[in-house]
Amino acid sequence: MQVNEQFTPTIVAFCCNWCSYAGADLSGTNRLQYPANVKIIRVPCSCRVNPMFILRAFQRGADGVIICGCHPGDCHYTTGNYYARRRTTLLFSMLDYLGIERNRTRVEWVSAAEGAKFAATMNDFVAQITELGPNRRLEDLRCRK
Amino acid sequence: MQEVMKKRAIELLSDGTVAKVIGWMPGEFSYDMTPAVFTTAEEIESNFVYNDFCGANVSKYVMREQKKASDAKILVFLKPCDTYSFNQLTAEHKIVRENVYVIGVGCDGMADVEKIKAAGIEGITGIESDGDKFIVKTVYGDETIARADALAERCAACKSKKLTVYDEIIGEDGEVVENSGRFDLVAKLEAMSADERFEFWRNELSRCIRCNACRNVCPACTCEQCVFDNPKSGIDQKAAADSFEENMFHIIRAFHVAGRCTDCGECSRVCPQHIPLHLLNRKFIKDINELYGDYQAGDDTESKHPLTSFTYDDAEPSVIHERGNE
Amino acid sequence: MMLYLAKDKLDVFFEKASEKLNVYVPVDNTNGSAYRKWTPGTVVSKGLHTTKSAKDFFFPQTENLVEFKMSGKAIEIIDPRRETEDYAVFGVRACDVRSFGILDKVFLSDPVDTYYKNRREHGLILGLSCGRPAETCFCGTFGIDAAEPMADVDFTEADNGYYIKANTEKGEAFVASLGDIFEDRDAAPAEEAKAKTREVLKKLPLSNLTTDGFGGDKLDELFDAAGWADLSEACIGCGTCTFVCPTCQCYDIRDYDTGHGIKRFRCWDSCMFSDFTKMAHGNPRLTQKERFRQRFMHKLVYFPANNDGEYGCVGCGRCLASCPISMNIVKVMKKLAKEDSGK
Amino acid sequence: MQRIGVFVCHCGTNIAGTVDVKAVAEALGREPSVVTSVDYQYMCSESGQNLIKDAIRDYKLTGVVVCSCSPRMHENTFRKAAAAAGLNPYMVEIANIREQCSWIHKDVAEATEKAIILGRAAIAKVQLNAPLVAGESPVIKRALVIGGGIAGIQTALDIADAGFEVDIVEKQPTIGGKMTQLDKTFPTLDCAACILTPKMVECAQNELINIYSYSEVDAVSGFVGNFSVKIRKKARYVDETKCTGCGLCTEKCPQKKVPNEFNLGMDNRRAVYIPFAQAVPKVATIDADYCTMLKTGKCGVCSKVCTAGAINYKQTDEIVERQYGAIVVATGFNPIKVDKYDEYAYGQSKDVITSLEFERLTNAAGPTSGKLLRPSDGKHPHKIVFIQCVGSRCTPEKGKSYCSKICCMYTAKHAMLTREKYPDTEVYVFYIDVRTPGKNFDEFYRRATEEYGVHYIKGMVGKVSPKADGTLEVQASDLIMNEQLRIDADLVVLAAAIEPDKSARPLATMLTASMDTNDFFTEAHPKLRPVESPTAGIFLSGACQGPKDIPETVSQAGAAAAKVIGLLAKNKLTCNPCVAHSDELLCNGCSQCANVCPYGAITYIEKEFVMPDRSKKIRRVASVNPAVCQGCGACTVTCPSGAMDLHGFSNRQIMAEVDAICK
């Protein structure tokens, strides 16, 4: 597929309220830049992210989906991210199995103190998705503009 | 075997141990058995059948019968793979075990008429089992096919001949099959490039007509109302109006049964479009086995399944991005 | 004398025809076959049936009816219909050819379904007489001759080629437009082939099945028949039988929210589904028994009642082959007929 | 149809500087169901809030979207404003266009476009919000303080002073913590023991304070107002209630070769011991690792000499389960291990010591009875080199990236005290920077250099080499004079970095309190909520939150106590209404949700339902206890039918946000 020079991907980031969303806030407080095409959705915990949401994002035109949560062991709810870890691992594996680019999805553990990591992760993920090009394998043509 | 089963069913009905019997009744041809519920000895005498074409997994019918107002005790005949489903249903409180009398039926694999037809045999008017082969009578003359070639796909890669739950056994109990080869096709797909995998699945899933047979037959699909049927869920779909929806339905369905799917293979058996849906479930099973340790749903009725448990040092999702073939 | 096309000329025929219209042919896939657009190199399936019927051509599984585009608070209404191109469908068996007539009765009677009509008018049916019917076939029960599809143009396989007969003006015009690729031959081998087919049909296990006991006037007897409970016992409520059926024509209309508008589409529905005809108060058909009964009552009683005795089944046998629990119209007819005669 | 009001905040120029707020308000005003959309200087100000309140009344709003700073900042402010105007507070959604937009983007067009999309997502979400009513849960009027150092002691005393019961859990046999090991304290040079021991005694005597010494926290469950904690009272083989603290056993115990941790192993104690004279509780403890009786079953001397009959070799660990309304973490710090710094020869020479060891060498209760003597030969050192920042302000591979904060001051104290007591001793201090930001701190440091003649040298020590004559050759660079120095020192003192106590990490997991990358507990807000953990009901006291000196620790301890008192003073707490709930008609009772619930909030009930065929059947369905549920959502994803959903973050709401972002 030809990569459009002008391609700016749409990226959905699910961030848990206690660590990663706070990390994203800290990244803002420290004025650490990352591209504007990353849009964050606040969820209470990474374990709130239903595979349906991830597929929904791709359906509606997202080019990449990243899930950020507390580091394993640091979950505000003790165990949420452990479940999230298994669910996302298996889901990503399934998407890969179906031939959908595996690098369109990512899980990253970002603590409330890791504003710099949040920004760096987003910059890296945006670069990765930009290189991959638009999501064509898991989009719903009806939703295209 | 059929006669022994009939005898026991009639005995248990007559002595009041059970009030209903779940088994199979004959069809129009020699291969189209229908799961059936019997309540009288006469019905069993005249209409109970058990042969090489009783592949249908009847465990879910136990749940259905128990949903009815009556709490009458039920006799069910379960093949080894059906017992796994039965256990899983019990674990999820879908079956009240005390109200069921389980007769485990030893099994050496079921035949699949699709395989016989795929071998080019048309106009079938009768099938007779003859040792390691079937003699198939057709309007175009008699044919024979090796039993192994007529075996259902799932039986050819049988995971276990062990009866995991029973009150009594008819026939021979077997063992878990080591190296069943059931993941061979999954591994083959994994070894392909992403583009090849995408092509493969597009070709398969694009045939989906959303008849919901896979879901409705699945012993793990026991929701009161499926999310895909519930307009309030926000993801309801009636037809695969876009290729995305084909993917969505099958990914989510496989995910919802991941860790709970016993790999009974009913989904692929019933698909009118012959989509190898079991390859989706087996992918999850293979991943679970590799990442979190061997797990067989329906082995027992106690353990927490892999998606409702964890260990502190589980693999990170990045293993997906780091492994072999892209 | 009949027109004849040698087998090795079939591709030439498709190529010529493709110059004038899109040609669809049955193509094998995993354990079945489906219609695909013919392109050079396409191998035509030798199977009896496509897994799904040919009704998609006129009544596709999903179809957009209208679109609403939203921009802020403003709404724009768009008609998504495009000019339909002419097309031909090759290899349609007699049962499926008959099914179009049944669908016509539904969609072309007042009020006419313009979406269906548009597709119907642009489509040309190239029938293919059956050579090796299956045990599941019972088209004879409904007076269909598998040897004579009666499509716009019929193809009969014989003598290492196809004998061709146009049955309609549209068919004649099409055959004429292809000019000299056909040769004239004596029709005897074709008639011989048809006779052979008819012999096989007589030997089929369901050749004795009749519609005795069914029809528009049998509503009262059949509606409350005792047999429905047992027949529907094992039904899992999937839509397999309805979706492979060439005559099932129920559909649902739904709105799909694309995020920036609505696409209103219709899609096949199945009376076997628990939400079929569900209304605000709930579903008038409470259990699978009622839903199951509905399907067969429609085909065997309601449809003939409203359509001069014509049944809503063509005996193609697809549902017999694909039902997950092997319950089907034949079992229903036999059991109810037996029950009826037992009274 | 919803009637939504959109309020776009300028936040001065914080937002308006990068986001065209007028354009945002205008664009969002065109969205379906938005009936008013305005921008304003400071939405969080009183007049900003009034703007929202007035609009709720004037436009009969059913939903409010505020495009402003992070919801973590002002979500509550705006919820309260909405409630004041009669709108359910949970009908408010925040679009974070400051931290997650204006502050991270420079291009106005780009930031404006993003702000509009974030606003749309919030509008899409609020459309599906439902009014929520918060429930209530009772508060158990007792606090737990984990750690009995000066931080824990002060917190406990302050809480008890307000009339609430407090339990202190201390893993050592005595409370007192690190401060008991110190000699003098800066900048006043008063004696540590003199100011600490009265507080320790006060704890022991206060009827509201209960000390679990030699105990650890085993498990924590529950939630704010209602924690249940399992405390493991480790077997000390001495009956606390009988032991009089006479100390006879510690004198008679034949096992004399036990390194004395109180003196950092610089001398020995017995296998049965009381850490130091002022220990609280003053009760002996048998060290099972060394006790001959416990190891071989042959000895029993202590038992024989104990007139109180307090020795009990059969004692086992005891688990006590207690309920608390609030938990204070005061687990403190430890100096890091300095063995790995080969260049300082810590492991090679006994005369290279840490500052805490130095502290013991100058303490009257220490191994040398307060005489400053070289550990190697017991001679008086004439030349002492202090090395600062050992492991502090380092690369992550080498040590800690942070400043340990207390070292500059205690080294000045050490230098000054040395010079005062032993004027013949030359003292050198090598430093990167001298940091003295505290009341009377810089004056203190200047006295060290100016009055006491301590040689402060800016520069790092490259190598300490033990020489044959017993001295230590210190090679260093003087960055100001720009020259290489060689000093033959008698004693080298390393100001080791401090790190959180090792017990903090597992404790944080039990408490579900978050930690930073250095294992210091994270505060709920670095400026505005410095003594609270983000986890409700968990408070932070002392160095577990970051390096602190004593005055700072004590003031933070008091602040934590004040927060605890504020909590315990309430009879009931308002619950978070954003909890899970199950749709009984959809629930099929499969139990998967209960399997993943970390709080045990889901139970099953048998309930009669009318089935589709109108028959009645009893079905098993899930039921969520809203007071116990904390709203993580693990159950919602486990539920295949979507029967389980989360208020405030429902499946539909999150998907609506996804849709709005992706379209």
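Chains: A, B, C and D, in written order; residue numbering restarts at 1 for each.
By definition in this document, a residue touches a chain if its C-beta (ideal position, glycine included) is under 8 Å from a C-beta of that chain, and two chains touch if they have at least 3 such contacts.
Keep in mind the model is a prediction, meaning the values are calculated, not measured.
Novice: Name whichever of A-B and A-D has more C-beta pairs touching across its two chains.
Specialist: Top pair by contacting C-beta pairs is A-D.
Novice: Using only alpha carbons, which chain's centroid is the nearest to the whole structure's centroid?
Specialist: Answer by centroid distance: A.
Novice: How many angstrom lie between the centres of chain A and chain D, each centre taken as the mean Cα position?
Specialist: Computed from C-alpha means, the inter-chain centre distance equals 30 Å.
Novice: Rounded to a whole Å, what is the gap between the Cα centroids of chain A and chain B?
Specialist: About 36 Å, centre to centre.
Novice: Taking the mean of the CA coordinates per chain, how far is chain A from chain C in Å?
Specialist: About 46 Å, centre to centre.
Novice: Where the CA atoms of chain C average out and where those of chain D average out, how many Å apart are those spots?
Specialist: Here the centre of chain D sits 72 Å away from the centre of chain C.
Novice: Which chain D residues reach two or more other chains?
Specialist: Each of 596, 638, 651, 655, 659, 662-663 in chain D touches at least two other chains.
Novice: Mind pulling the residue numbers of chain A that touch at least two other chains?
Specialist: 51-52, 56, 60-61, 73, 79, 83, 87, 140, 142-143, 145, in rising order.
Novice: If a residue has to touch 2 or more other chains to count, which residues of chain C qualify?
Specialist: Within chain C, residues 256, 258-260, 274 contact more than one other chain.
Novice: For the protein chains shown, what form does their contact graph take: line, ring, star, complete or other?
Specialist: Graph shape here is complete: every pair of chains touches.
Novice: Which of the residues in chain D come into contact with chain B in the complex?
Specialist: So the residues of chain D touching chain B come out as 585-592, 595-596, 611, 615-617, 620, 638, 640-643, 651-652, 655.
Novice: Which residues of chain B touch chain A in their complex?
Specialist: Residues of chain B touching chain A: 186, 189-190, 194-202, 227, 235, 241-245, 247-248, 251-252, 254-255, 258, 280, 283-284, 287-288, 291-292, 306-308, 310-312, 314-321, 326.
Novice: Where on chain A is chain D touching in the complex?
Specialist: On the chain A side, the touching residues are 10, 12, 17-19, 21-22, 24-29, 31-34, 36-37, 39-45, 47-53, 56-57, 60-62, 70, 73-80, 83, 87, 111-114, 119, 143, 145.
Novice: In the complex, go through chain C and note every residue touching chain D.
Specialist: Counting only chain C, the residues touching chain D are 70, 72-73, 257-260, 274, 283, 286-287.
Novice: Tell me, which parts of chain A touch chain B in their complex?
Specialist: It is residues 51-52, 55-56, 58-59, 72-73, 79, 82-83, 85-103, 105-107, 137-142 of chain A that touch chain B.
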